[in-house]
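There are structures below to look over.
Two complexes come next, and they have one chain in common, subunit A, joined by subunit B in the first and subunit C in the second.
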Partner chain A sequence: MRDTRANRLLFQIGAVLFALLVTVLVLFLAGAQPFAAYKYIVLGALGSWDVVTNVLVSWVPLLLATSGLLVTFTVGLWNIGIEGQITLGAVFTTWAMRLLQDSGWNPTLILVLALLAGILGGTLWALLAGVLRTFGGVNEIFGGLGLNFVATALNIWLIFGPWKRPGVASMSGTLPFDRALWMPIAAGSSRLTPATLVMAVVGIIAVYAMIEGTYFGLRLKAVGKNPKAAYILGIPTWQNMMASFAICGVFAGLAGAVQVTAVYHRLIPSISSGYGYLGLMVALLVGYRASLAAPVALFFAALNVGSIQLPIILKLDSSLAGVLQGTLVLFVMLGNGIRARLIKKGT
Partner chain B sequence: MRTISKLFLLAIIALVAGSAAFAQSAPPATGPNLTIGLVMVGPYNDHGWSQANYEGVQYVLAKLPGTKLVYIDKANSADRPGTTVSQLGESLVAQGAKLVIFSSDDMTDEAIKFAQDHPNIFVILTSGSQQWKEGKNYLPLPNMINIMGKMEYMKMVAGVAAAMTTKTGKIGFLGPLINDETRRLAASAYLGARYAWVNYLKKDPSKLTFKVTWIGFWFNIPGVTSDPTQVADDFFNSGFDVVISGIDTTEAVAEAAKYTAQGKQVWAIPYDYARAIDEGKGVSLGVPYFNWGPAYLNAAKAAMNGTWKNHFEWNDPDWKNINNPDTSAVGFNKGTLSKEASAAVDKFIGELGKGLNLWVGPLNYQDGSVFLKKGEKATDQQIWYLPQLLQGMEGQSVSK
Partner chain C sequence: MQVEVRGITKCFGAVRANDDISFTVPSATIEGILGENGAGKSTLMKILSGFYRPDSGDILLDGKKVEIDDPADAIRQGIGMLHQDPLDFPPLKVIDDFLLGKRGGLLPRRRAVIREFNELAARFDFSIDPESYVDTLTVGERQQLEILRLLWLGARVLILDEPTTGISLPQKEKLFATLKKLAAEGMTVLFVSHKLEDVESLCNRATVLRQGRLVGTMEPPFDTKALVGMMFGKEVPQEPKAQPRMGGTVLHARQVDLEGIRIQIKGVDLKVRAGEVIGLAGMEGSGQTLFLSACAGLAQPVQGSFCLDEEEKDMTGRTYHEFRKRGVAYLPAARLEQALIPGLTLTEHFILAEGMKGFFIDRKKSEELARRRISLFNIKGRPDSPVESLSGGNQQRALLALMRDPLKLILVEHPTRGLDIESTIYIWGKLKERCAHGTAIVFISSDLDEILKYSDRVLVFFAGKVTPPLDARTLSVERLGRLIGGKDWDRLETEAAHA
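== the complex of A and B ==
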């Protein structure tokens, strides 16, 4: 078989169809009506301006996380630690907000500083994973997983300990910040914050431009394709890896900051909302191509938001969205594997 | 130019005054049809708090023609990552809900946001106190009602059942998170246990051990809370033979049944839901439970006929029959009690009904400072916002 755009497309369509088929089977086994389920997911994601804004609110941190991961994937790194980097971004943001909330400073200035603090937190945590990988010989998957646990423990300790509500220790998180310190919400919406939308869009465009249009991006690709060859050709390997960790940390930290300033307005135990792991799936699904990340992340966000209708209307568990997302990624990867084999045989 | 500025200013003042007036009125009556939205923190069939709320609304549907229910359960950020509780409430509004019940104190922040963002939707924040004029956190919202039952009485009854049953004199309290509500309920159970210990059993109060261990939330969230199964086991392995549960799920009863089956007779008292004792036949001493139906029915009627007024209610048991489903806000469903313990429980309920008050001094806080001087009766506010556990109780009073 020849490696053409047409057969690549064919395999991807096939993967989507198989994923849908598996989900339909799961629904049948659960005794549910598959088409009704899909209908309500679509209505739940697109049925009104309110739900569309909910999708966009979910899209922003997911796209930010995916943008960061595209950079680490380009250099050949599996940055599983992104969940912890989002969490540390949220922790640093909360820390800055707590320090500044009574300062009397302009709320916009406080929000900007809080976002910068979030970026710092995410970057430092990512660099720690990088240091473990580069100087400690710890594979970034294991290092990242370990750091995720540490980040979660730190977050929970802060919520139940030093940052607890007066006299209260609760999963519901720290005291909410004053409304003046919420990221400004668009008129006619309960929670859409245009500023964060701009951040996410600018972020993915910047990553695309960097990977596809700069010498730095080319070096990252070279290291990602073959680190030894890149090294022999004079491309510093570990420096580029550390740089990619740092860039991913910037995006992850920003995602955490957005969760605090624009979504929850406080620090909660599961502040990352699993966007790091979901971002990994998006990045895998788009084959690390930045150009496709935004629409696929939007699709995943729509599935997450739309699936809330399942328990409300059909009394089905909303984790069906996760089943569909997971099978989609599996079949696309499987399709890629089969296609690569067929191409190899054909040559 | 000046006139135009004045007119502009007047227009702004009128607009602000108008919106303030609007914000001060309850939503319009819904008329003969009402869809009720229920947001539950745990699964709707948890045999605990969430199920008690779910059945409370089922009671309304049975009693009030024209009502319908849409619900979402597991409304917490661990089970539904990326969503907020106010967003879930809006999903119910999209399905036609005109009255949304946020059935957990843990949803307070989001329920307030929702009520402010949707002044035309009736809101019940169960177990909150924001609409209590005499409360600490009064935030008048014309579309919101707070409802709570006086569970303190039934926790006292649970304490009596525990004290009358324990052979080791060691009672464990499996606590959820630490807040005003959970402190006062744990303290109530202790007061009941101590009363029975001293007055019925004529024993030395210093020989009664009452220990509270908090898990961190209303139910187990692996990796985040302490494991309630483990906490119950720790109690049973360290000489505690009765565990009173303060959490929404039934791990304490399940573990008591397991230990008893292995030959070590222990007991547990579940919480929230009248039928929670079914899970631990032979080891469950009874269950203090909420009966949300009557209060939710009144609120639904008020939303339908236009008599809604924001307020706080802390509803009493019906002392004539604490298990009357139409009149009692809280009850105690007796389980496996010895004859003596059962009689003591009945006697105690009778005394409470005749005005027995255990919130009377001398009572000290856990740190030894005076809570109530001799003969002094606690006010509702002192009980509701109890800042510490009481002297004689072991365990954390506040999060460290």
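== the complex of A and C ==
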């Protein structure tokens, strides 16, 4: 077989069909009407302006996480620690907000400082994974996984300890911030915050431009594809890896900050909402191409939001979205694998 | 067991690694398999031990045609292979390593097996504690363990690939005694080596391969000169070489000791001067690559120092990038693994190597640069060709085109390996052009003709030993071949003592 655009598309369409088929099977096994389930997912994601804005609210942190991961994937790193980096972003943001909420400063200034604090938190946590890898010989997957647990523990401890609600600590998180310190919400919507939408869109465009158009991006690609040869060509390897950890940390920290300032308005135990892991799936699905990240992330966000209604209407668990997302990624990667084998055989 | 191969042919792409090889080894024989690197020895042994399947040809054991599916199948049929790097499991205990590969039975009968292990070890006078860990053993002991394991699994043919590299002299003597004892009991031994001395003292017969073909078989007494002739081909008439114009020192290696994974080099002393070409000869794995990479800061010496330039700037312990800034370039032999980046285009390589300034990539300027280099170095490819789509010769040209100006020292591993004549001549033309401008070149090659034709001086490596620089104009192919095979080294020392 030859490597053509046509058969690549064919394999991708095939992967989507297979993923739908597997999900249908799962639904049958659960005793549900597959088409009803799909219908309610579509309605749940696109049925009204309100649910559409909910999709966008979910899209922002997912796209931010994906943007960061595209940078680490480009340099050949599996930054699974992004969950912890999002959490630390949220923790630092909450810390800054708590520090400044009674200062009487301009709310916009406080929000900007809080976002910067979140970026700082995410970056530091990412650099920690980088230092462990570069100087400690700890693979970034293991280091990141360990740091994720530490971040969750730290978060829980803060919520149930130093930052607990007056009176009794609660799983529902810290005390919500004053409305004046919420990220401004668009008129006619209950949750959509235009400022964060702009950040996510600018972010992915910046990542795309950086990877495809700058000398720095090319160096990252070189290190990612062949670190040995890159070194022989005179490209510093660990320094570029650290830089991409830091950039991913910026995006992850910002995602965490958005979760606190624009979505929950407080720190909750599962503040990262799994957007880091979901971002890994999006990055895998688009084959690390920044140009496709935004629409695929939007699709994943729509699946997440669309399936929220399933437990109420069809008595199905909302994790159905996860089944569909997971099988989709698996089949696309399987398709790529089979295609690569066929192409190799053909030559 | 009698081993016979008939018309074995195996191709890798366009390369015929084995070309219609036929021979018979009777049982109770120790057969030496000789040949230079790339002669096809390892391929043939891997076919016999089930790693590869031949494209055509048959294998006969005791006169019966057999099919060998994989290494496990090979040992079931009685063929055991001892690899150059022992294929064992360093984190395991000796006895567990020994048990691996035994078929059948869910629970190993450890106690009984330990008894059998000890009995077997005693027969050959090996002393290995079955409860110790494999990674505490020396290379020689790990070899002994592998031999015991293969015997226990029922090997009646033993293949040994370069077994005397990296083991001590007493261990080598013990190994040879063991092999002789085994052969006397009817074992067939195929002993792959490039060390003439080992083959001469151990083997009942020697078969020589060259460029994938069987060139001859010899029985003792062995005629070293004839063996060298068979291994390396006829002596080529040499063109008279002009006295090189040599300038000041570019690199000074002072009493350098190096330690690699399997090799140690002691006390290399070398002054490389501007404009000269130094060839590093020797069988692969004799320490040349280690030495060459240390010259570029890619490996660090345990003793001694590397200095650059006339002012003897001490660079010991510095990184390759610091050597690079001072005009040293390193060209690895594994082009697609270590030198080029598959997935990136030629243009992207030129951009990276050039270290262009600015933030956004200047597409127009970089494409112009690529076009210029492509035509200057006669590369068959377009600026947007991915490097992996180029042929080997064009990849090598691209590597040369990636080198910056000016350079003081170029270190090249196998500059023309796998290339056709046209590319070879072209590559050396470009390298010599650099020399004319005062760049020094140090290169590794396993091709004796290449070493003699292009070098001004030659260093021969053998099992970690290094000759003093030899004048290429007075060096014959035969002498070089003998040195590479480990002969005449004592004479070299007495010569040096008299000089």
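Convention: the second predicted complex is superposed on the first by the 347 of 347 C-alpha atoms of A that agree within 3 Å, B and C clash if a C-alpha of one lies under 4 Å from a C-alpha of the other, contacts with A are read in each partner's own complex, and residues count from 1 in each chain.
Everything that follows uses one rule, which is that a residue touches a chain if its C-beta (ideal position, glycine included) is under 8 Å from a C-beta of that chain, and two chains touch if they have at least 3 such contacts.
Not measured: the values here are computed from a predicted model.
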Checklist entry - On subunit A, do subunit B and subunit C fit together or clash when superposed? => result fit
Item to check | First, second, both or neither for A:S190, with subunit B first and subunit C second | outcome: first
Checklist entry - Given the touch rule stated above, what does A:P176 touch, subunit B (first), subunit C (second), both, or neither? => result first
Next on the checklist: Quick check on the superposed pair: does A:S244 touch subunit B, subunit C, both, or neither? Answer first, second, both or neither.
Outcome noted: neither
Checklist outcome for this item: Comparing subunit B and subunit C in the superposed model, the one touching more of subunit A is B
Next on the checklist: On the A-aligned overlay, A:K225 touches which partner chain: subunit B = first, subunit C = second, or both, or neither?
Outcome noted: second
Checklist entry - Taking the superposition as given, does A:I312 touch the first partner, subunit B, the second, subunit C, both, or neither? => result first
Checklist entry - After the superposition, what is the least C-alpha distance between subunit B and subunit C in whole angstrom? => result 34
Next on the checklist: With touch defined as at the start, can you tell me which subunit C residues reach subunit A in the complex?
Outcome noted: 320-321, 324, 330, 332, 337-344, 348-349, 351-353, 355-356, 358-361, 402
Checklist entry - Where on subunit B is subunit A touching in the complex? => result 70-74, 76-78, 80-84, 86-88, 90-92, 94-95, 106-109, 113, 117, 177-180, 214, 216-217, 221, 223-225, 387, 398-400
Next on the checklist: Residue numbers of subunit A touching subunit C in their complex, please.
Outcome noted: 209, 213-216, 218-219, 221-222, 225-226, 228-236
Item to check | Residues of subunit A defined as touching subunit B within the complex | outcome: 44, 47-48, 50-51, 54, 58, 152, 156, 160-161, 164, 167-172, 176, 190-191, 263-266, 268-270, 273-275, 304-305, 308-309, 311-313, 318
